[in-house]
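In what follows, subunit A forms one complex with subunit B and a second complex with subunit C.
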Partner chain A sequence: MNTLWRLQHRLAPYLFVLPFVVLFLCFMLVPLCRSVVLALHKTSGPGAMQFVGLDNFEFVFQDDLFWRAVRNTLTYTVCFLSIQIPASLGLALLLNSRFVRGRDFFRYAFFSTHLVGNVFVAVLFMLLLAPRHGLINRVIGAVTPFGTELNWLGKPDLALPAVILAALWLSVGFGMIYFLAALQAVDQELYEAAQVDGAGAMSKFWHVTLPGIRPVLLFLLLVGMIGSFQLFELPYVLFQGPGPDNRALTVVMYLFQQGFETGDLGYASAIGWMLVLMVLAVSIAQIRLTRADRTD
Partner chain B sequence: MSVSRKTSGPASLLLHAALVLVSLMLLTPFLWLICATFKSQADMFDSVFLPWGHLDRLTTANLRVLFTREPFARWLLNSLFLASASTAIVVLLSSLGGFALAKYQFRGKPVLMLIMLATMLVPHQVLLPGMYEIMFQIRWIDTYWAILVPGAVSVFGMFLFKQAMQAVPDELLQAGRVDGCTEFGLWWNVALPIVRPMVGAFTLLSFTGTWNSFLWPQIVLQTEAKYHLPIGLANMIGLPEYETQLGVLMAGTLCSVLPVMLLFFALQKDFIAGLTSGAVKG
Partner chain C sequence: MPQRSGLPDGRHVESPALPRADPSSGHHQWLEPVWLVDNTPGLHPSPVNRIPLGKPVIVVIAIALITGITVLMQPRPQHADLEFWVFADSHAKTFRPILPSFEQHEGKSVRLSLIANRALSLRLFSMFLSKSMSREVPDAAEIEIGSVGRFFRPPPDQVGFLPLNDLLRTTGAREIADVSAPGLRGWNARLRGTTRIWTHDGTAWVENPARTQPDMWMDRIVASRFAPWTKAGVIFGVPHDVHPLTIAYREDLFREAGVDLAACATWIEFHAACLRFQQYWRGRGFPHRHAIELQEASPETLVLMLLQRGINAVDDSDRIHLADPKVAETVAFYAGLVAGPRKIGSEAAGGMGVFAKDVEAGNLCALLMPDWRVRYVREFAPGIAGKLRMMPLPRFDPGDPPTSTWGGTMVGIPRAARDPEASWRLIEHLYFSEEGLNARLTQTNILPPLMEQWTHPAFTEADPYFGGQKVFALYAELATQVPRRLVTPMTSISAQKLSVVLNRAVDQMRRRGGEGLEAACREWLVAEARDLENRMRHRRFDDGEEAP
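Let's turn to the complex of A and B:
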């Protein structure tokens, strides 16, 4: 009994992480290796494959549709983040004010949209964005000179803005929750010290608040960029495909089309590895920035 | 005191006006969705929210069509099953792994942590072609195994639980060992109750994750009777009969969103505290 008890004590941590290790080997490492092999083949469905060397990668570099997808994805990422981050921070600043009543209500109201799945948001926004009679166009017609005829889902130039609008509705509250928690963790004494030094509101924001929330800001930027690079469901359901003139085609949507609609798992793998490169680039930049923080 | 109240008067009013305005912008789509569910096709776009002059024209026909002409009830049950089962598994296994990382020193731990970090940096879409091939070979295409098994442990969850369980006092665990408690028992009886808020937060997170998942289920689920809500609803959009019955799509969206909202209200206390605890410190 005693030796048995000692045995389980020694083996316990290994048993506890065993599920992760097994799943990592079977459903991460193996498919990752398969993706390398597949990327060197031309396939039609699983099974039928033909070795083509680096042809897939050669092709991806001159594939206009792929680069259209990259351009759309990057445009989306930049536009989305440059609105989402300041809007979330602004809301958090408002909500962090001492005078706010009903803070809990606002917090839940802002966050609630984040629970709605991408597919459901897309179906809902399909109707909200309808021309002339859709709610969004009615509001735009009432408060701006653009009128109610904006054809969000039909006009190429409006395709990405439509996706960004839906994405903002989905995630402004999510960012707000993180900023609010960070703001509440900023040392109050720093504000008092700044007050003593005669700092104004703007100066306090730049020299106390912003440095205080910098880690969360960087975290949200990284999560936001990686998430945006993987954009798929919103445009795919909103436009039932790549949108007018392929203007809502994203990298992951192209991977999905090539791999699972056309059936070329090899080319899809090559696209996947290009996505890995994109994500790795921003991750490394982020790690450098965080390191610079620590050494400062 | 009275001075600060006076100066805060107009500013406070402006502040609350801004907050109310933003809440309205965010909540109005929900309100519109509820209204649209009960509107007839003729009223769908003619009245902004409800046809106030003709409230008798409100109808439950959209819901009836949804549940009779489509296997929507089946999809709802499938969603409930998939999300509950995967949540139960992933919460248990991830907290078990997080417990090991937080409270034990064992060989290979640094390597393991490194591997976990690396998996979080790789976008999972690159795995899709390889995963599909594996699922094809082990005949898991069009089964729930393909969804439940690969998602049974979450690296993110393990990190969350590791962070939370570092707060469990070692003396408490040692006392349990003296009393003859097994390590497994320590996890279940001591560590898990202490990190209850994190269990709540991660439950909601993984439940909504599976409930809202689309890309992988869309690839592996092929029989209509096995669809869950996102796949079922997304496939309804393509059908011509619903272009003239948009209310049915809205009814489907409402019924898909409501269960998650209810769960959120049940777990809300744990949720926000648990969700942000790691990010702020790190």
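Let's turn to the complex of A and C:
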């Protein structure tokens, strides 16, 4: 019995991690290594491959469509996060208040949008944003002088706002749930102490609530940022392509186009690695800033 | 050694759960596992509690086993001799009823799978890249024109589809039962039961001793429709359609405005007529009544106009034509149609049939109308039956055809198909047979690429929806003039480049009007052509064999 248990103790950890390791090796590590190899080659069909060194990466730097995609992705990320985080937090604060009736219903209602997929949301917004017939244009026509003819999906300047609108609808409720949990974890005694010290609502928010929910805030920022860099399905379905004047072209969409529409897997891999480097750089910067902030 | 702690009910817990430092060696050592041992008199420890790894693991394994067994017990998809993939629901509905007759005749079973367009082309593309999956490859598959470019990146001998030139040249001999059979000038047919070849001179069949072969499929299909499915002269697909392009318009509204749209022979006349139409309705309180549906930012309609002028942005020899002066001229003209003070076009919303609703409501009063759109207008705008008319496209230059082409589908046979000959016979049955045509007509009126099928009554009779106009006779008349549309892997990128220039042109038209726009467009197009050339050079292999 003793020997059996010793054997089990020795093997158990490996057995537990084995499924993950096997899957990780097969579906992550091998493709990752393969994509490094591909990024250094020109490819064409199953049989043709030619080593080109860093040529694909060199080309990325002079590719105006790639930089357009980067610009779109960054603009989206900044706009999306700067609306999503405050909106989620605002909703969470509202729905954390004891004075709001039907809180549970609203919590579910706001979160429920996150339960539907990107593709569904894209199709839904195609209809909502339709000129003349779409609900959003009808509302705009009723309350503003712009009329019902706004061509959200056809005008370059409106393309990214349309994507952001759809993405916000999808994800504000998701952020709200995290903030709600964080708000409920803030020690009530801190509020009482602040009250005793004569702090007003704003002071309490800045000095008690925000520090209390800071880890969640940072988590949502990081997750939102990484998700924004990976944006693909929403604009792809909404515009059936890169959108007017390529204004809805994102880095991942460009990668997909190169790899699967023009069949250049080598160049697509190089774009993929550029994306990895970008996400890594932004994440490291964010983590460093956070650490510095904490040290201060 | 396990530690024991007593519980109030007489049981105790052996709880050495954590590794503990051995004071003598300084290393951590594993301790015995934790068991909840029930020592209540008369009870023995449950065997479940004694199972290594604990209960949760057993539960997980049990769930895995149950789901695994359930999946294994699911009925497997029936094995079929031929697997056929289609992406369009109407095609699936067309083909399903006529598969049994093929199965009976050939003694082979066929499974038809309806797969979403993008999924189908991506799956097939991945299969072509991965030889290990070749057993999963279908025996025939339909591909939409927008997806086919990706398959043509490898050299012709490595494209995943089988070359069909030989099959098209050696099968489908035209036969006539007797010399009174209908025909068109230039057709060559074999008199059934003989080896003699007869040629139609426009009025009758005349024996032609100079010919030894009748027309084959290759000669019987509209030649320009092979172009999108061809790379370096190798044909990889059989066309499903021709999709000639016309303009359909609200005759009642144009008539009321005193505008005879059908009389416009050129695009310039058309533009002027539409402006008159809009002015009339603006004066009567219809500010959002637009003359025609045109896309403001997407280059799709612009591409159709360029095709009408015989221009493909990238041709089959990988030459780039963006810098052609006609392209700049067309872009500048198009920008004037969709922006600025002389704007006549507006965009319909996406979604099936929404454009038809706009036509019915009188928001958009004319449409670019390939044959595949007729069904949607009929279905989604029944209220305007009798009010629509159809006209050929106006021309830019006298030599242009009065049509273009929009959309298209091919069927191809993957190289890994199990029985390519059977696949070919299946294609012949579905695409070219009388039964296939009748089945097609139950779902759509899409004009087939096989020219002799255009004499079918469905394509010659008057259409009450279009006020008694013989619209499909018009399509058939235009079908032989359809320009060659070429598709290469660079087609989608070239469309993006056109989109960039179009949007600049539209922007300039809005801000400063049309003055100097054509010259500006020329500059932008030259720059984009240079960029496209640069991309193609980057993708080309050193030995020069590789096309982009």
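By definition in this document, the second predicted complex is superposed on the first by the 276 of 296 C-alpha atoms of A that agree within 3 Å, B and C clash if a C-alpha of one lies under 4 Å from a C-alpha of the other, contacts with A are read in each partner's own complex, and residues count from 1 in each chain.
The rule is short, and it goes like this: a contact is a pair of C-beta atoms (placed from the backbone, for glycine too) under 8 Å apart; a residue touches a chain by one contact, two chains touch by 3 or more.
Not measured: the values here are computed from a predicted model.
S.K.: Judging by the criteria at the top, classify the pair subunit B and subunit C on subunit A as clash or fit.
M.R.: On the shared subunit A, the partners clash.
S.K.: Now for A:W5: first (subunit B), second (subunit C), both, or neither, which partner does it touch?
M.R.: In the superposed model, A:W5 contacts both subunit B and subunit C.
S.K.: With the two structures laid over each other on chain A, which partner does A:P244 touch: subunit B (first), subunit C (second), both, or neither?
M.R.: A:P244 contacts subunit C only, not subunit B.
S.K.: Would you check which partner chain A:L165 touches, where first means subunit B only, second means subunit C only, and both and neither mean what they say?
M.R.: The answer is neither, since A:L165 touches no partner chain.
S.K.: Is A:P156 in contact with subunit B, with subunit C, with both, or with neither (first, second, both, neither)?
M.R.: second
S.K.: Name the contact category of A:A109: first (subunit B only), second (subunit C only), both, or neither.
M.R.: first
S.K.: Between subunit B and subunit C, whom does A:H133 touch in the aligned arrangement: first, second, both, or neither?
M.R.: both
S.K.: Touching A:Q257, do we find subunit B (first), subunit C (second), both, or neither?
M.R.: Second partner only.
S.K.: In the three-chain superposition, say which chain, subunit B or subunit C, touches more residues of subunit A.
M.R.: Greater contact footprint in residues on subunit A: B.
S.K.: Touch test for A:F232: subunit B only (first), subunit C only (second), both, or neither?
M.R.: Touch status of A:F232: first partner only.
S.K.: With both complexes superposed on chain A, which partner does A:L217 reach: first (subunit B), second (subunit C), both or neither?
M.R.: In the superposition, A:L217 contacts neither subunit B nor subunit C.
S.K.: Of the candidate stretches 22-30, 130-138 or 184-192, which in subunit C collides with subunit B after aligning the structures?
M.R.: 130-138
S.K.: Touching subunit B and also subunit C: which subunit A residues?
M.R.: 5, 8-9, 12, 46-47, 126-127, 130, 132-134, 240, 260, 265
S.K.: So in the complex, the part of subunit A that touches subunit C is made up of which residues?
M.R.: Answer in residue numbers: 4-6, 8-9, 12, 42, 44-48, 50, 55, 59, 62-65, 126-127, 129-134, 147-149, 151, 153-156, 240-242, 244-246, 249, 257, 260-265, 267.
S.K.: Would you mind writing out the residues of subunit B in touch with subunit A in their complex?
M.R.: 8, 11-12, 15-16, 18-19, 22-23, 26-30, 32-33, 36, 44-46, 48, 93, 96-97, 99-101, 104, 106, 109, 112, 115-116, 119, 121-123, 125-134, 136-137, 149-150, 152-153, 155, 158, 177, 180, 182-184, 187, 208, 211-215, 219, 230, 233-234, 237-238, 246, 249-250, 252-253, 256-257, 260-261, 264, 268, 272, 275-276, 279-280, 282
S.K.: Any idea which subunit C residues touch subunit A in the complex?
M.R.: 30, 32-33, 52-53, 122, 125, 128-131, 147, 149-155, 158-160, 288, 295-298, 346-351, 354, 357-358, 361, 363, 489-490, 492-493, 496, 499-500, 502-503, 531, 534-535, 538-539, 541-542, 546, 548
S.K.: Write out the stretch or stretches of subunit A touching subunit B in their complex.
M.R.: Touching subunit B from subunit A are residues 5, 8-9, 12-14, 16-17, 19-21, 23-24, 26-28, 30-35, 38, 46-47, 91, 94-95, 97, 99-101, 105-113, 115-120, 123-128, 130, 132-135, 138, 169, 172-173, 177-178, 181-182, 185, 215-216, 219, 226, 229-230, 232-233, 237, 240, 252, 255-256, 259-260, 265-266, 268-269, 272-273, 275-276, 279-280, 283.
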